[in-house]
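After this come two complexes, each holding chain A, first together with chain B and then together with chain C.
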Partner chain A sequence: MIAIVMRKELATTLRDGRLLVLGLSLFVLFAGFFLFSSYQLQAQRLEKQRVGATAKEQWNSQSVKNPHAAAHYGIYVFKPDLPSAAIDPGLTPFTGQSLWLEPHKRNLTRFNPSADDVLANRFGQASSSFVLYALLPLLIVALSFNSVSQERERGTLRMLHSLGVAPRALLFGKLLGLLTAFWLVMSPAVLLAALTLAGQFELAIDDLLRLSLLLAGLLAYYTVFAALSIGASAYFRTSRNTLFCLLGFWMGSVFVAPRLGAAIGDVLAPNPSASQFWDAIKTDIAQGLPGDGSKQQRETAFEAQVLAQYGVASKEQLPVGFVSLNRQYNDVYSSKVHQLHFDRLRANFATQQQLAHLAGWLGPSLALRSLSMAIAGTDLAHQRDFEDAAEEYRRYFIDLTEDWDRERSHGTERSAKGAETDWRSVRDFAYTVPTVGFSLKASLLPLAVLGAWLGAALWLLAHSARRLAP
Partner chain B sequence: MMAIVKVEWIRIRRNPLNAAILLIFAVLMGLSAVWSGLRASEIRAAAAAPQIAASAANAAEMHDAPKADAHDGGDGAYAASNDRAPLQLPLLGGLVLNVSQADLVGTSIKVSSRSRHTDGRNSDQLFNPLSYEFGLLDFASVFALLTPLVVIALSYGLVQEERESGVWRLVCTQTARPWQLVLCSLGWRLLLVALVACASSLLAFLLDSGSALSALAYWCLISLSYVLFWFSLAGLFLLLPISSGAAAIGLLGSWLILTFGVPAALHWAADQTRPKPSRMAAIIEIRRLQELSNQQRQNLLADWFKAHPELLGDTPLAKLPREVAGLPAALQLDSQIRPLMLQFETHRAEQFGFMQRWSWTSPALAVALMADRLSGLDAPRHASFVAAVNDFEDRWRAYFVPSIMARAAWNEAQQAALPQFDFDQSFDVAELNGLIGLQALSAASMLAVLLALRRRFSQF
Partner chain C sequence: MTTTHILETRNLVVEYQQHRAIDQLNLAVPAGCVYALLGGNGAGKTTTISTFLGFNRPSSGQVLIGGRSLQDQPELVKSELAYLPENVALYDLLSGAENLRFFCALAGIELGREQTGRLLSDSGLQADAHDKRVGQYSKGMRQKVGLAIASAKHAKAMLLDEPTSGLDPSAANDFAQRIRAAADGGMAVLMATHDLFNAKQVADRIGIMKQGRLVEEFDAHSVQHDELESKYLAHARGLA
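Right after this comes the complex of A and B.
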C-alpha cells in the first residue's frame, strides 16, 4: 500500500507546476552559487599555493645575516581548503587567511575576508550551502504543506478512508513519494556538483567519503522537513494554518535558532577582549605561572645551570653562544604560556559551540550547519588542528635558527651568521587536512541533534497518522 | 470610513493567529534589543576604561630592548613613544543597532615608533568566528530579517482567501470601494508592526548607556519606511489573481531576492567595478620591502644622521643602541607598508558608497547601511579614522624621533606636551538624510503603485 501511495505521490509531485518553477529556480540559484564558489575556491587554493611558495622562497633567499634576525623575518603559512569547502565555506569568511610564524610569540590568523567586506555576511553567506540549508527546505514546505489538507478540503481524503487506506500507509507513502520526487529533481544539482568538483580538484577517497556523508546528512535534514510538513498538513484542518506554522518553523530553524544559539554562547561563555588576552600572556611570561618564578628568577637559575653544565665561571667563557641559549630558554617558556592561553581561548570557543546547540530545539538547521562545516573541513576543530600544526612548525624552524646561532657564537658575542644554504635547509610547511574520521568525531553533538530531530519528525508523522480524521 | 476602520480592528483582534505572530515578533525583537543594548553598554564601558598603554610585546620578545640604565633618567624617549594607549574610534549613538561589527571591524589602534601593520596585537579584535557564521542578535539585522516575514504572515492571502471562498464577491457588491477595506486592514497591521518595532527600538536604545535621541529618531524613520515598503508590496500581491498559498510563496520569493539576492548581486557588481585588493599579494610585497629595508639599514642610518648631524654626538654609528640604529629603516619601511594597508580601507569605503547608491533596490541593505552609519562603524568613517590615525602617528613620531635618535633624556615637560588625537564624532547628516530619502522614496513609490491600482480590488 505504501508503494502504491508513493508512486501516486511521486507522479503528482512531478506534475506539480510548483516543483517545476521552484525546483528550476533553486537549481539555477544553486548552480550559480556553486560554480562561483568552486571557481573562487580553486582560485584561492592556487593563490595560497603560489603565495606560500613565494613567501618560502623569500625566506630562502634572505641575505647573510644573524640566524635570529632571519627568524624574525618569519614564515607565512596558509590553511589549505578541501574540495568540499566549495559547497560549504563555513568559517572561512571569518577566520584569518594567513598565519605569521615568528620567534618569541604565537600569532592569531589575520585578515579575515569579512572584515574587508561591507556587508560581512550579515544576512547569511551568499553560498551554495545557503541554498542547501535554507532554501531547499522551503521548497519542500511549498510542495507538501497542503498534501493532506488539500485532500481533506477537496473531499478525496474521505474517499481514501472509505477505501480502507491506512492513515500510516498514506502519510509515509506521501513522505517517500515527496522525497523521491525531490531527489529526482535535485539529482542534476548533485551531478553538477560531482562533475565540477571532479573536474577542478583531484578527489581522493577521503573527499568522496566526505561528500557522501554530506549527502546523507542532507537527506536526513530534508526528511525532517518533509515529515514535519506532511504531519502538519495532516494535523491542521486548513492549508493556510499548515503553511503558516511550517513557515514559522522554517524561520525559527533557519534564522532564529543559529542567532539565538550564538548569543547564548556569547553570554554564558564570554571571550576575553584582545587586550585582556595579550596582556594576560605578557603578565604570565613576566611574572611566571604559579610555582615557576618571575622571568628574572628563571633567567638567573638558568644561567647558573648553564655555567655549571659547561664548567665555566662566567658567560663569556662559554664555548657556545649564551645569548642564543638564554633566548631559546625564554622562548620555550613563552611558547608554554602562549599554549596555555591559546588552549583556553579555543576551549572557550568550543564551549560556545556546544552552548549554541541549546537553541537546537527550534529546528535542525543549526545541527546541519555544524555537521556540514565539519565535513567540509571549515569548522573550529579543523582550524585548531591547522593552527597546532603551524605552531609545531614554528617551534621547529625557530629551534633550528637558534641552534645555528648558538653553535656559531661563543660566550656573549653575537657574531653568528647564516647564509642562503641555511635558510633553504628549513623544510617546507606541509600540512595534511585530517581524515573524515576527525570530522565525525568533532560532530558528535550535531549528529545526535540531527538524529533526534529525524526521530522526532518521524514519530510526529506517525502520531499525525493515528489522529488523522477525514 | 470610520466604521470600516473599526470593523477591521475587530477582525484583527479576534484572530488569535495575528496575536500569536505579533507576540513572537515582539519576543524576538525584545530579546535582540536586550542583548544588543547590554552588549553596546559593555563595549562603551570597555572603551571608556583606562586602556592598557604598554606594548603587548612580552618579555621574551624584549631580549634586545633598551635597558633602563642605558638612558639618562631611566625612561627614555623610546619607551615613552611606545607607551601611548590605543587610539579609539569614537562610537556613535546608534551602536546598539550593530554591536557585532565593532569586533569585526576593529575600533582600537595602537601607535608607537614601530610599525603597527605587521603585528595583529596592535589593532585586531578577538572573536569566535562561529558566532559570526551563525549570526548574532544584532538589532538591525534581526529587524531587517524578521519584519518582512511578519508582514507576510499577517497579510498574505487577505483577499485571495476571501476570493476563493466567494466572500470577496459579496464584499464587492456591498461597497463601491472595496479597496478601502484592504487598505484599512493593511493599515492596522502596519501600525501594529510599527509599534512593536518602535517599542523594541526604544528598549534597545534605553539599555545602551551611550545612545543618542537623534540616532533613535533616524532609526525610527528608516524602520517605518521599511515596514511601509513591505506592506505596500504585500498589498500589490493581494491584487494578483493567484491562490493564497501562491501569494505566500511569491512574497517569500520577493523577500529572498530583496534581502539576499540583491545585496549579493550588488556586492559582486561592486567587486567588478573595482576588484578587491589581495591581502596575500600585500603580504608578499610587505616581505619584499622588509628584506630590502634590512639590507639598507646601515645606509639609511648614515643618511639620517647626515641630515641631522647635531643629534649624533660622539657615538660611532656602529655603537648606537638597537632601537636607535634600526629606527630610520623602520620608519622608511612603515612609509612603504602604510599605503599597501590603506588600500583595503579605501576599497571598503568605495564599496560602501557603491552599495549605498544602489540601496534603493534592497530595503534590507539600506537598513544595514543605515545601522552602520548610526553606529559610526561604516566603512567611509572607518577609513577616515585610519587616515586620522596615520596622521597622528606621523605627528607622534615627529615629536619623538629626534629625542630617540639623540638618546636624550625624557622629562615631564615633554610628556605633558604630547600630541593629542582628535577625531570628528558627529554623524554625517547628509549621508543619513540621503539614505533615508532613498528608502522613503522607494517605499513611497511602492505605495503610490498600490494606490494607483487600488480599483482592481473590485475585480473578482
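Right after this comes the complex of A and C.
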C-alpha cells in the first residue's frame, strides 16, 4: 500500500511545476555558490601549500647565527583543508588558517572571544551551505504543506477512504514519494558536487566517507522537514494554517535557534575578553600559579638547583650555557600556564557549544550545522586538533634550538652558533586532518539531537494519521 | 436476515453535533436493484451515502453491507463498495489510465495496460483520452473513469451522489444506461438525485427523504412521471 501511494506521489510531485521551477532555481543557486567556493578552496589550498613551503625554505636557508635568534625567525604553519570544506566552510571564515610559531609564547590562530557570534552569524550567509540548510527545507515545505489538505479539498481523500486506504500508509507513502522526487530533482546537484570535487581534489576513502555521511545527515534533516510538513498538512484543516505553522517552524529552526543557542551559551558560560585572557596568562607567569612562587623566586630556586646539579659555585662555571637553560626553564613554565588557560578557554567554548543545543528543541538546523561542520572538518574540534599539533611542533623545534644553544655554549656566554645544516634538520610540519571517526566523536550531541528530531517527526506523522478521519 | 439485501440500514440515526441528519432510517437495496433516493436540499441523502462509506459514524442503528456490519468489518466491506460522488475526485496530474490503475491498486487489483484500456473504453471513455491528464477532462469523462474503477473492483454495490447533475442530457442518458447495465449485472445501486426524469428512467425503486426520514417509498415502474413529480412536490411543500 505504501509503495502504491509512493509511486503515485512521486509521479504527481515530479509533474507538479513547483518542484521543477523551485528545484531548478535552487540548483542554479547552489551550483553557483558551490563552484565558487570549491574554486576558492582549491586556490586557498595551493596558496597555503606554496606559502608553507616558502616559509620553511626561508627558515632552512638562514645564515649562521645563534640558535635562539634563529628560533625567533619563526615558522608559519597552515591548517590543511578537506575537500568537503567546499560544501560547508563552517568556521573557516572566522578562525585563522595560519599559525605563527615563535619562541616563548603560544599564538592563537585568531582569538575571537565571542565565537558564539560566529555560531549565529554563520547562518544567513549566502553560501552553498545556506542553500542546503535553509533554502531546501523551504522547498520541501513549499512542495508538501498542502499534500493532505489539497486531497481533502479536492475530494480525493474521500475516494481514498472509500477504497479503505490506511491513513498511516497514505502519509508514509506520501513521505517516501516526496523524498524520492526531491532527491531525483536534487541528484544533478549531488552529481555536480561529486564531479567537481573529484576533478579538483584527490579524494581519499576518508573524504568519500565524509561526503556520504554528509549526504546521510542531510537526508535525515530533509526527512524531518518532509514528515513534519505532511503531518501538519494532515493535522490542520486548511492549507493556510499549515503553511503559517510550517513557516514559523522553519524560521525558528533556521534563524532563531542558533541565535538563541548562542545567547544561552553566552549567558550560562561567558567567555573572557581577549585582554582579560592574555592578562591572566601574563599575571600567572609573573606571579606564579598557586604554590609556585613569583618568577623571581622560581628563577632563584632554579639557579640553585642547576648549580647543585653540576657541583659548581656560580653560573659562570657551568659547562653548558646557562642563558639557554634558564630560558628553557621559563618557557616550560610559560607553556604550562598557557596550556592551563587555553584548556580553560576551549573547555568554555565546548560548553557553550553544548549549551547551544538547548535551543535544539526549536528545530534540527543547529544540530545539522554542527554535524556538517564537524564532517567537513571546519568546526572547533578540528581547529583545536590542528592547533595542538602546531603547538607540539613549536615545542619540538624550539627545544631543538635550545639544545644547540645550551650544548654549544657554557657559563653565561652567548657564543653558541648554528648553521644551515642545523636549520634544515628541523623536520617539516606534517599534519594530517584526523579521520572521520574523530568528527563523529565530536558530534555525539548534535547526532543525538538530529536523531531525536527524526524520531519525533516520524512519530508526529504517524500520530497525525488519526486526523485523517473523513 | 435477508442476504439478498446488499445495502441495508436498520433504524439508522446519524447526528452532526446536536443536529440529527438521519432519523430512524430503514432502507434496503437488493442485488440488481437501482434505488433512487429523492429529497430536497438537506434531506439527508448525502449523509446516508457517506454513512455507508464509513465517513460518518452512526449514533445508533445499523449499517449492513452484504449482510455484514460496517462497524465490525470496515475494511472488508469497503472492498465491496464503489463510490461515485457528483464530482469524481481524481488526480489532475495523472492520466485517466494512471488514475484507474492507482485506485485499483489501492483496492488490491493490479491492472495491465490492456485491461486498463478495456475498462476505460467499456465505461465509455474514448481511447484517445486514456493517456491525457485528467486535468483536461470534462465532468462526464471523470465520471467514466469513476465507473471504470467501480467495474474493475467488481463491487457489489455502487453509491452515487447526484451523478448526473451537470451532465448534458445525452451524457446523462448514456450514464443512466451504464448504471442500468451494471445493475442488470447484479450490482446494487443507491443513487441520490434531484433528477426525477433520470430516477424514473433507471430506478427500480424510489424513496423520498425528508428531514432525515424516509417518508415514502414505491416501485418506480408503478408510477408515471407526472405522478412522481406531484408526489415529490407534495412532500417538498409539506402537503403529504
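Just so it is clear, the second predicted complex is superposed on the first by the 456 of 470 C-alpha atoms of A that agree within 3 Å, B and C clash if a C-alpha of one lies under 4 Å from a C-alpha of the other, contacts with A are read in each partner's own complex, and residues count from 1 in each chain.
The definition used in the following text is that a residue touches a chain if its C-beta (ideal position, glycine included) is under 8 Å from a C-beta of that chain, and two chains touch if they have at least 3 such contacts.
Just so we're clear, the structure is a prediction, and the values are computed from it rather than from any experiment.
Colleague: Answer with first, second, both or neither: which of chain B and chain C does A:K8 touch in the superposed model?
Modeller: After superposing on A, A:K8 lies in contact with chain C but is clear of chain B.
Colleague: Applying the document's definition of touch, where does A:G248 land relative to chain B and chain C: first, second, both, or neither?
Modeller: So A:G248 only meets chain B here.
Colleague: Quick check for you: in the superposed arrangement, does A:L219 touch first (chain B), second (chain C), both or neither?
Modeller: Touch partners of A:L219: none, neither chain B nor chain C.
Colleague: Quick check on the superposed pair: does A:L135 touch chain B, chain C, both, or neither? Answer first, second, both or neither.
Modeller: Only chain B; A:L135 stays clear of chain C.
Colleague: Which chain, chain B or chain C, ends up touching more residues of chain A in the combined arrangement?
Modeller: With both complexes superposed on chain A, more residues of chain A are touched by B.
Colleague: Touch test for A:A452: chain B only (first), chain C only (second), both, or neither?
Modeller: neither
Colleague: If we count contacts the way the header does, which residues on chain A are in touch with chain C in the complex?
Modeller: Touching chain C from chain A are residues 1, 4-5, 7-8, 11-12, 15-16, 154-156, 158-165, 470.
Colleague: Across the complex, what residues on chain B touch chain A?
Modeller: It is residues 17, 24, 28, 31, 35, 46, 51-52, 56-61, 63, 86, 101, 104-106, 108, 118, 120-121, 124-138, 141-142, 144-146, 149, 152-153, 157, 161, 244-245, 248-249, 252-253, 256, 259-260, 263-264, 267, 270, 276, 278-281, 283-284, 287-288, 290-291, 294-295, 344, 347-348, 351-352, 355, 364-365, 368-369, 372, 379 of chain B that touch chain A.
Colleague: Can you check the complex and tell me which residues of chain A touch chain B?
Modeller: Within the complex, chain A contacts chain B at residues 18, 22, 25, 47-48, 51, 54-55, 58, 62-63, 65, 69, 73, 76, 78, 90-91, 93-95, 97-98, 100, 103-105, 107-108, 110-112, 114-126, 130, 135, 138, 142, 145-146, 239-241, 243-244, 247-248, 251, 255-256, 258-263, 265-267, 271-275, 277-279, 281-282, 285-286, 295, 323, 326-327, 330-331, 333-334, 337, 345, 348-349, 352-353, 356, 366, 369, 373, 379-380, 383.
Colleague: If we count contacts the way the header does, which residues on chain C are in touch with chain A in the complex?
Modeller: 50, 53-55, 74-75, 78-79, 81-83, 85, 87-91, 93-94, 98, 102-103, 105-107
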